[in-house]
Amino acid sequence: MDRLPKWADVALVPLISLLLAAFFSAMVLLAIGQSPVEAFNVMVDGALGSAYGWGYTLYYATSFMFTGLAVTVAFHAGLFNIGGEGQAQIGGLGVALVCLALPWPHWTLALLAASLGAAAFGAAWAAIPAYLQAKRGSHIVITTIMFNYIAAAVIVYLLVDVLRPAGQMDPATARFPEGAKLPSLSDIPGLRELFLRVDSSGMPILGADGLQTYQNVPANVTLLIALAACYVVWLLLWRTRLGYQIRAFGKSEAAAKYAGINPVRITMITMLISGGLAGLMSINNVMGEAERLLQNSSEGAGFIGIAVALMGRNHPLGVFLAAILFGFLYQGGAELGLWTSIPIELRIVVQGLVILFTGALDQMVRMLLRWAFSFRTARVA
Amino acid sequence: MDYATLLQILDSTLRLATPLLLACLAGLFSERAGIFDIGLEGKMLMAAMASGAVAALSGSVWLGLCAGIGASLVLAALHGIASITFRGNQLIAGVALNFVASGVTVLIAQRMFGQGGRTPPLTGDARFNPLTLPFAEELRGVPVLGPLYAEVISGHSILVYLALALVPLSWWVLYRTRFGLRLRAVGENPASVDTAGVSVVALRYAAVAITGVLCGLAGAYMATALQAGFGREMTAGRGYIALAALIFAKWRPWAALWATLLFGFFQALALRPDVVEAVLRFKVPVPALDALPYVLTVLVLAGFVGKAIPPRAGGQPYVKER
Amino acid sequence: MVSGNDMGRQATAALPDAGAPLAIELRGISKAFGPVQANKDISIQVKRGSIHGIIGENGAGKSTLMSILYGFYKADAGEILIGGKLTAIPDSQSAIRAGIGMVFQHFKLVQNFTVLENVILGAEDGGLLRPSLAKARRVLADLSREYGLDVNPDALIEDLSVGHQQRVEILKALYRQADILILDEPTGVLTPAEADHLFRILKGLKDQGKTIILITHKLREIMEITDTVSVMRRGQMTATVKTAETSPEQLAELMVGRKVLLQVEKRAATPGKVVLEVENLSVRDENKVERLKGVSLTIRAGEILGIAGVAGNGQSELLEVLGGIARGTGTIRLNGVELDLTGKHSDGQSRRAQGIAHVPEDRQHLGMIMDFAAWENVAFGYHHAPEYQKNALFMDNDALRADTEKKMARFDVRPPNPLLAAKNFSGGNQQKIIVAREIERNPDLLLIGQPTRGVDIGAIEFIHKQIVALRDAGKAILLVSVELDEIMSLSDRIAVMFDGQIMGIRDPATTDERDLGLMMAGVAGKAA
Amino acid sequence: AEPAVIFDLGGKFDKSFNEAAFNGATRWATETGGTFKELEMQSEAQREQALRRLAEAGSNPIVMTGFAFGDVLNQVAPDFPDTKFAIIDMVVEQPNVKSVVFTEHEGSYLVGMMAGLASTSATVGFIGGMDIPLIRRFGCGYAQGVVAANPDAKVILNMTGTTPAAWNDPVKGAELAKSQKSQGADVIYAAAGGTGIGVLQAAADEGILSIGVDSNQNYLFPGKVLTSMLKRVDNAVYDAFTEGTEMTGGITVKDLKSEGVGYALDEHNAALVTPEMKAAVDAAAAKIISGELVVHDYMSDNTCPAATF
């Protein structure tokens, strides 16, 4: 038996990688004298056990969907974009500039304009590494790493010396105008009942006017855009001519050239889309949550996108599922920091282990599975 | 800028360049053998934590150093297993190990010392203390060179001198020994080594192990010489700057020295925006100084400062049978 | 995978003269790469001091067998005896110790090392290089005097010609004091003159008592130099015979398993108007080396122009510049319209739009995406074609799949499953998919490189018929092949290329292999 | 309800500002037997979630250390009208928020005098954390004190950075200290949170004196730390916890008079502080308390009479 059944390759390999990552995370916990079971319970409770919890889980998941898609799109063109972090931060700059430019009359207009700003800035930040890769053969992994650092420096400079309002001490832009405030999911009729505020006995809390009160959750309408982005990316990759060209180019640059697919053009377009998606993430955190641009606004989501894309096997559906999983991990991890003595850094360890097992040790998992399957076939035979 | 200020900046340059140099040489061995390693950062961090912790507990900096090298070797072994034995993606493995190190160091240090992921401050023999080179004080009076010797060359910890000595040693090993010949060959064309009857796997593991040792030195230097103890994320991206320096140096030992000194110089300058302003007569934003190594590396990669051609087999696992 | 062994083992491991000492004996060697059974229960004996030939079609398993002997691959089963002693060869180190040296089909040299460094790699005399280098310099000087193996010991490999690189490989083996030298298709990259030189060297080595195994698929070479010859087919050893007691016809039959039709049936050409005019066309590679040097030629409608030549003399560049993969200088006119050679319209898309179809030489790397399904590959290069589009944005995948099914039926692709990934088809069926894709476009000009490389004989005949049919439909065809037989039997005119230039153009009816061979070696003048 | 404290980026073990807050909370806990929740910030963008989470979980009151919480607190406080908040180093005008600020210029003036008196080279240094008006207030008060003690003395001023990372960059702190030493400084005052550890370390290595900040840092390098400028963040946290849910909003100014700021004298620096020095500094302190001596507050007009930033 040499090849795995397709279903095993698609579903079983990531699942086993995940279990391995979970197992080793548990080992780490045991090693530092903590109970994995308790940690898991706290995480589940904190991330899924309350309206507050899933409000944050979905909020993080939204960000991760964008960055996961960004890595996915680039990956299909054979490009490993580790620059999502910088692209997202610069995308946040686009959002901030748009939101602060006008006293927006309505959030829909602001959202449209900010999305364009976010995508354009994110794409622009990906454009230089893309150009260098396409035209000068500079390895995009290294250039995007460099651009992450350069982005951080640019943001610091702008926040400290240019965008910081007079008299404010922390390096941040001013708050966005009221008209640029995105509705949170708990403001949306139909969804709001998911985010009831309850007291300790689980009873809904009533406001002064006798109506039920709702959590002011950070998950916002951007989630819907993220879902749409998953679908659009799927269409793009598997239904359009451009997607066809991207995938062909990613599989073989030489063959793509034979087919008349312009490598420079595809590299540029793909990275612009990838950077744009990473940039779009900042509508979620900058516009939807912080409502101003802060330093390090993306909080590592660009890197988590790598784990999400690997875990999701570079398919939008997989990215969607993996983003939810990582949303859970992130929110749950934050809760660990609060209610247990387990440092919040545990979630970085888990993230690293997931990347390790799904991205670098996938061959090992496949070998394990092949071995297991050979038993099965042997018995059947 | 007066001479004293220059000396002070050069002194600072040497201190700050040392971890870059060690990490850069570490990357050099690995990448020359065809294993790309963006996990230098993680290895340094692990080593910094382990050396800080063991030095704090044992009071001996040498035990700390050994522990740092050991911890770094563990990560190097993982990187080797993923990218040599299981032929995984070297870049992804490096990224993953950086994350693991970033988290695990805090978890362990917090567990051991309960001080928010740091180790207690190291004192006395738990730290590498500056060495005064012979005649440093006597020669101080000699014009120009005396102060240079006394201020810049003398007065560093032993690891600084070790790092400097490793440059010619690395050159010698790479270009004058059998091991170096094979190492370079395995990074250019592993099949040539394989058909010559030499184990590709063993050579690559050896290279990765050297990388582990050197990153261990770099991390231990951070925690026990440059600073007195470990703090979370204390390597602060130095692994990536070392990588940048490696590209800048085009994978050559002597060039690695100059590149890391240059980047160390930028770091020293970023500490002294006042001096930069005085010399240039306009205010340079500190972030611009911080970003300089990265910008330079991009320029090198873009081929504006000579083409950087990485080892030909770099980044690809050696696969004999599909 | 392995088909029924219809030939049986005719002359299994024909024993050389009884009593003669054996250098090598292989017993029951088997090796599988995943599903591919590359070697199956192979036994062979080679007498000391002889030259033993191994022939077989592409993919027959020749290289695999020799790589096992050299310890590069590990056999799944079987035994190796060196000088009559059972010897385990788990790695190349053991092979070298047993006195075996091998020159691989694809050289194993470090490009940016010097010749000396390559020679000592793995055979150093101690921890330090200096003494080893000095010793190697002396030994190399001796060897070059002894065998005429001249090469500058301080040159970088990347600056050497292929012929010289091959010498370095031979020197490497001799430096390790190999008694048994394996050469895998050494002449594929050589001109006839260089090949002659090589054969002289090999004879010299034989006279010194060394044993040589020579892999080739050129029957002429086998007849010329070997003492005994083994024939392989589809992973099995079909026969081992004394060269003196066989004939090229018999070997060919042993190779492919049945009588070979060397001649393609076709009517005489009826050339029409000029379709392609090439004038003074030059191409440089990425290192700025001129690979194509001022080539001029014309092809008319309804004719096949065959390009003969040793691989690497500019044929690939000619195809690439015509097909829009490479850029060049000069003029190309198609149906009287000048083509863009450097600008925006110098790419494959534009060429296809203008009516040029291209079956590339290297189908697995250029012609298709191995991970794509068959239906996706049928659109490859034609993904802009209107019939494959649903609307401005989306491709019409259903139409594409239906079209693929039709093409598969017409070209007898097996299995006729459009959803199967290209990598899961055999080489011949992959080639049929590509040929179907390109020929069904009904192009004015078909560029076709190595159309039957690695393709089984049944598919060869089918593909040849399609090419002739396209010609008879009044289209122009440019055929590039390293197989002289193929060129001779298909072409209406033959151009021979050497060193990026056309050495001459011949009518197949009035030329012979000797004449062409001289031109391929750059000897004959430019009499067109 | 259980009170909570949120530490800023330097971390609760920065031996300085945040650790002072932690000590205050711990003192409250040991004295009352109560328990409290605590959180450390890892990144800028986390502040809002941290605040909301604690408020959501019913912590009350919630104390946060650092001006950087000001903006988010302004957003969060109205969402939780029944929860009391206290913020240190920043003024947030919400009915349920208590703002605690300190007169750091006064304390810094005192240690500045001490530095001026202790310096033999008539050159002293100041290393600030993040370059914000609050830290300039430290530097300005310090420079005034130095000049008051020794009109000829020179003050070298450096800031570690312009972002919150400047609170936790000991390497940079150490390098700046070495650079100041090479410029002749023999006493260096670090007002830089966790970065200060690097400053104190380098000063000890180089054999010069340093001055700690916020917490009493004298013990870190006994005999090498001249004194520490105490900023009683611990008391502020302790008071807030003690007031509990009864806490009232408004601004509280903790000054020298109310012992909100001061300087540290203990067995670790007793040998360094001569009776004359102590007498001079105490006299100045008395004058400040009485109002006779007014130390210029940089934040009042963004200028400093004794130093240029």
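What to note about this one:
Order of writing sets the chain letters: A, B, C and D. Residues in each chain are counted from 1.
Everything that follows uses one rule, which is that a contact is a pair of C-beta atoms (placed from the backbone, for glycine too) under 8 Å apart; a residue touches a chain by one contact, two chains touch by 3 or more.
Composition by chain, UniProt nomenclature: A, B = ABC transporter permease; C = ABC transporter ATP-binding protein.
Nothing here was measured: the structure is a model prediction, and the numbers come from that model.
Of all the chains, the one whose CA centre sits at the greatest distance from that of chain D is C. Separating the centre of chain C from that of chain D, both taken as means of CA atoms, is a distance of 78 Å. Chain B (ABC transporter permease) and chain D have Cα centroids lying 35 Å from one another.
Averaging C-alpha coordinates per chain places the centre of chain A (ABC transporter permease) 31 Å away from that of chain B (ABC transporter permease). Residues of chain C in contact with at least two other chains: 34.
Residue numbers of chain A (ABC transporter permease) whose C-beta contacts span two or more other chains: 156, 160-161. Among the residues of chain D, those in touch with two or more other chains are 40, 162. Chain pairs that touch, as defined above: A-B, A-C, A-D, B-C, B-D. Against chain C, in their complex, chain A (ABC transporter permease) makes its touches with residues 2-3, 235, 239-241, 244-245, 247-248, 251-252, 254-255, 257-262. Contact residues on chain D toward chain A (ABC transporter permease) in their complex (touch as defined above): 37, 39-40, 42-46, 48-49, 52-54, 56-58, 67-68, 70-71, 75, 79, 90, 132-134, 162-164. Those residues of chain C that touch chain B (ABC transporter permease) in the shared complex are 33-34, 70-73, 91-97, 102, 104, 108-113, 117-118, 120-124, 126-130, 132, 172.
Chain B (ABC transporter permease) contributes residues 4-5, 7-9, 11-12, 15-16, 115-118, 121, 129-130, 151, 226-228, 231-232, 234, 236, 268, 271-272, 274, 286-287 to its touches with chain D in the complex. Interface residues of chain A (ABC transporter permease) facing chain B (ABC transporter permease) in the complex, by the touch rule stated above, are 28, 32-33, 80, 82, 128, 132, 136, 138-139, 141-143, 145-147, 149-150, 152-154, 156-157, 160-161, 303, 306, 310, 342-343, 345-353, 355-356, 359-364, 367.
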